[in-house]
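Heads up, the next two complexes both have chain A, just with different partners, chain B and then chain C.
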Partner chain A sequence: MSTDTSKYADVPYEDKLRLFEEVKSDERYQRYMYGCYECGICVAVCPSARFYDFSPRVITQTLAREDVDLIYKQMNEDVWDCSQCFSCNKCPRQNSPGGLITIMREVAVKHGLKSAKEALEGYGRIIYKIMATGTQVAPDMLQPSAFPDWGPHVKGISDNLEWWRRALPPETLHTTESSWQVSEKTLSELYLIWHMTGVMDMIKEVDEGLHMILMDVMEEKLEEAGFDLDANTKD
Partner chain B sequence: MRKKGQSLATIESGKWVGPLKSPITGEILEANALLDKDPGIVNQSPYGDGWIVRMKPSQLDDEKKAFVTGDAAVEAYRKRIEEQNMRACAEVAAG
Partner chain C sequence: MAIDVATLTKKSSRVFQRDPESVNSESMREQVLELEAKGEWIVPKVPEPFVEVTTKFGRTKKIPLAKTWHHKSCGQCGHIPGYSTAIFWLNRKLGLDYNDPKDQTSCTAWNYYASATSNAAAQAAVALRNFAAAYETGYFPMIHCATSYGHYKEVREELVHSPKLRDEVKRIMDTMKKPMVMPEEIVHYSEWVHVIRDKIAENRVLDVSNIVATVHPACHYHKLVAEDAIYDPDVYGGQRTATVTATLQALGAKVADYSTWFDCCGFGFRHILVQRDFTRSFAVQRKIEVMIDEANPDVTITHDTGCVTTLDQSQFAGKANNRKVGLPVLSEAQFAALAMGAHPYRVCQLHWHNTDNRKLLEKMGIDHEARWAEFEGDLEKLKSGEKEFLSWEDADA
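Presenting the complex of A and B:
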């Protein structure tokens, strides 16, 4: 994992520092960062470290050293290589490199860093489906038309989806229909939560178009449910 | 009533989703129900059966001034295709 920060030399140090301060002031930070003695267990168990040029240890070390320039570089590049599986929570020092990365990503999204926009670009439709319907993507959505970028093998998977799913130990296809049955009340509550907790503001920062169409979907439901959108949002 | 820049329709592709932003302010009179069954018509017949909404403009005279049309539009598209490195579009344009 490169430690070369020259690519971001033009970004004022104060801006980088402000982002780091925001990461550090997150209430979870103190519970995720106790100090690293470089044992490397987090790297050994990390699936991303195995397949990418990525190291949870380097991220944790960089934060511990408060290397503001390198932290900025990592927020713009490396944090997006983490799969957020939290295998690294095996840390004997009880650090959570994955948790630290969660915070770094959230700050990157809040400030609309280019890397955040790029990393989330491919997930717009998934975010739209989940936030508009209030539910997860159903297993039967694994069709070639929905995932053209996965290549021709998706067809093989979708053709035999039932058999693939039966091969998994827990039952999975039972949610195909029920997962889409979200009650109106639940949906209204989810919409309000996303408005009040700043999720909608974050989305606006990284994808204005997505924000626009989500607002279209949500506005009507919230008004129907008697929520005062103006009083509950910054818009 | 839709203001210029607000969403008229939602466009979904494999991964991306976004709004079709209205070029004008006005009232939506009708939406093309045919598109529910076959959205591909938009590609096949953009100036015919593939229309999306019918609108009654309310500030057309003012908003028309901002339109880019004719040769200027072609040139603007060409520039955008180059800037964004849209290879598929370049191949189509080259025939």
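Presenting the complex of A and C:
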């Protein structure tokens, strides 16, 4: 994994440091980072290390060394290769490289880093589904254009979707736009969570168009449910 | 020099003693109960009757048999609905009371691990909202997805350690007028299948002793907050999780080993959705081909949404590239239901799966042509308006 940080030489050190301090101040950080034996077990079990120029060990060591320039480079380039399988939790030092990467990604998204926007290109409809319907992988997402590498089987499902969904015995599954039937009240409570925790602000940073669409969907439902958005937005 | 698989998987005579008191691992259950005593949250207890099992380091964990609130999986219900249906069918067939709620959202962790467009407070609030919804019904949460299960355990740990996070979530729950609720145990459906495996075996109507199966243990089941997964000294000498494998053994199937059992499936969260070149390559080259080369199984069985999806769907592209593929992929719930006589299309909904599974069904003694004709008849009734939906009674007709 490259340790060349020259591409980001123009970014002020203070900006890089601010992002690192934010990663470090996450309450999970202390329990995900204890040090590194350099044993390489995390790399040996890492699926991403087999197919990408990627190393959970290098990321953990960089954080442990507090190499601010390299951390910034990793937040911009490497963290999106991680599979988030947490095989690296096998670490004998009890680090969680995958957990550290979750925090680094979160900070990258919160600050709208270019890498986060690029990594999430084509991902907007998935964020829309999970945030708007409360279920992520809806049946109507099975379209041949979205999954060409899954073969003609996907067309078979999308052609028959309505009937195949009706042919499911559990009554909660007779849906095509969401994975199961989620009640209106449940949805308004979910929307409230997104607002009260600042997640909507994160969406705005990475995809302004998606943010507008989601706000349209949510505002009316929240008002109907009697939740006051102004009073309940994250400080 | 490569080490052959027999050497890698050779049974050891060494006995590993587990002692929960001597390992560097926290007992979350005790801390959850301490916070209940301080009035921080309500802790619904595992309803009786329950079965006690042991976890990785020997702690006792209670698994409920009935009165379960089914925290469904978006990937199962959306793309492999026979997975969820098979879980419900097992409950019904064994006469175990359950609740299939509409007051449930996804855990949203797939999106969180894929895109990071969320944060610890939002994730914790989603979890506690669902737990509160379960509490209001009087049923105990049973979680279908291994990612939800693993993530909720992460959330539990974060909440236990952080008064600040608890305060933040409490502010949200108060606005919703819902109580703070954290169940006594966080239970995955495969743990429930594990504890009822002998009951399943008693109700088996098909002989599956000629079926060779490989097992893929789900990462977010046994690697994420690893100490909470079920281990049994009689299964792999207690060195791997016993869920799935013990169920297959109880049913009489032959479980075959392979060297890359610890590898993930290649799902990758964001990769399966927007960067599938990695997912396909990993699933085919590190899992499916290895299983076929080393074990030549009839089926591979797993216990999570992403694993079934990845291992099954990735094989089409592998076939186009002349890779060694063609291995059916099922959840253990589907396999158990089939062995108990469930309809392969009305209940297990195998037409949603990609890799051809007809040879497996034939080997299990299932007339898939006749069963498919029955299902097509159901579809005709739906299309003609004779029926609006397929019912549970229809499924067992």
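Just so we're on the same page, the second predicted complex is superposed on the first by the 196 of 235 C-alpha atoms of A that agree within 3 Å, B and C clash if a C-alpha of one lies under 4 Å from a C-alpha of the other, contacts with A are read in each partner's own complex, and residues count from 1 in each chain.
The rule we apply is simple: a residue touches a chain if its C-beta (ideal position, glycine included) is under 8 Å from a C-beta of that chain, and two chains touch if they have at least 3 such contacts.
Please read all numbers here as calculations on a predicted model, not as lab measurements.
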Give one of first, second, both or neither to describe whether A:13 is in contact with chain B, with chain C, with both, or with none. neither
Touching A:147, do we find chain B (first), chain C (second), both, or neither? both
Touch test for A:170: chain B only (first), chain C only (second), both, or neither? second
Just checking: does A:28 make contact with chain B only, chain C only, both, or neither of them? Give me first, second, both or neither. second
Touching partner for A:136 - first (chain B), second (chain C), both, neither: second
Chain B versus chain C as contact partner of A:209, first or second or both or neither: first
Which of the two, chain B or chain C, is in touch with more residues of chain A? C
If we overlay the two complexes on their shared chain A, which of chain B and chain C does A:128 touch? Say first, second, both or neither. first
Determine where on chain A the residues touched by chain B overlap those touched by chain C, and list them. 121-123, 126, 147, 149
Enumerate the contact residues on chain A facing chain C in the complex. 26-28, 31, 45, 47-48, 50-52, 80, 83-87, 89-90, 94, 102, 105-106, 108-110, 116, 119-123, 126-127, 130-131, 134-139, 141-142, 147, 149-151, 153, 156-157, 160, 163-174, 178-183, 185-187, 189-190, 192-194, 196-199, 202-203, 206, 227, 232
Can you tell me which positions in chain A touch chain B when the two form their complex? 121-126, 128, 145-149, 207, 209-210, 212-213, 216
List the residues on chain B that touch chain A in their complex, please. 6-7, 10, 12-19, 21
The answer for chain C against chain A in the complex is residues 24, 72-79, 81, 84-85, 88-89, 100-106, 108, 110-122, 125-126, 129, 133, 150, 157-158, 161-162, 164-165, 168, 171-172, 175-176, 178, 219-220, 223-224, 226, 262-264, 266-271, 273-274, 276, 278, 280-282, 286, 313, 316-317, 320, 346-347, 349, 351-352, 354, 375, 378-379, 382-383, 388-392, 394-395
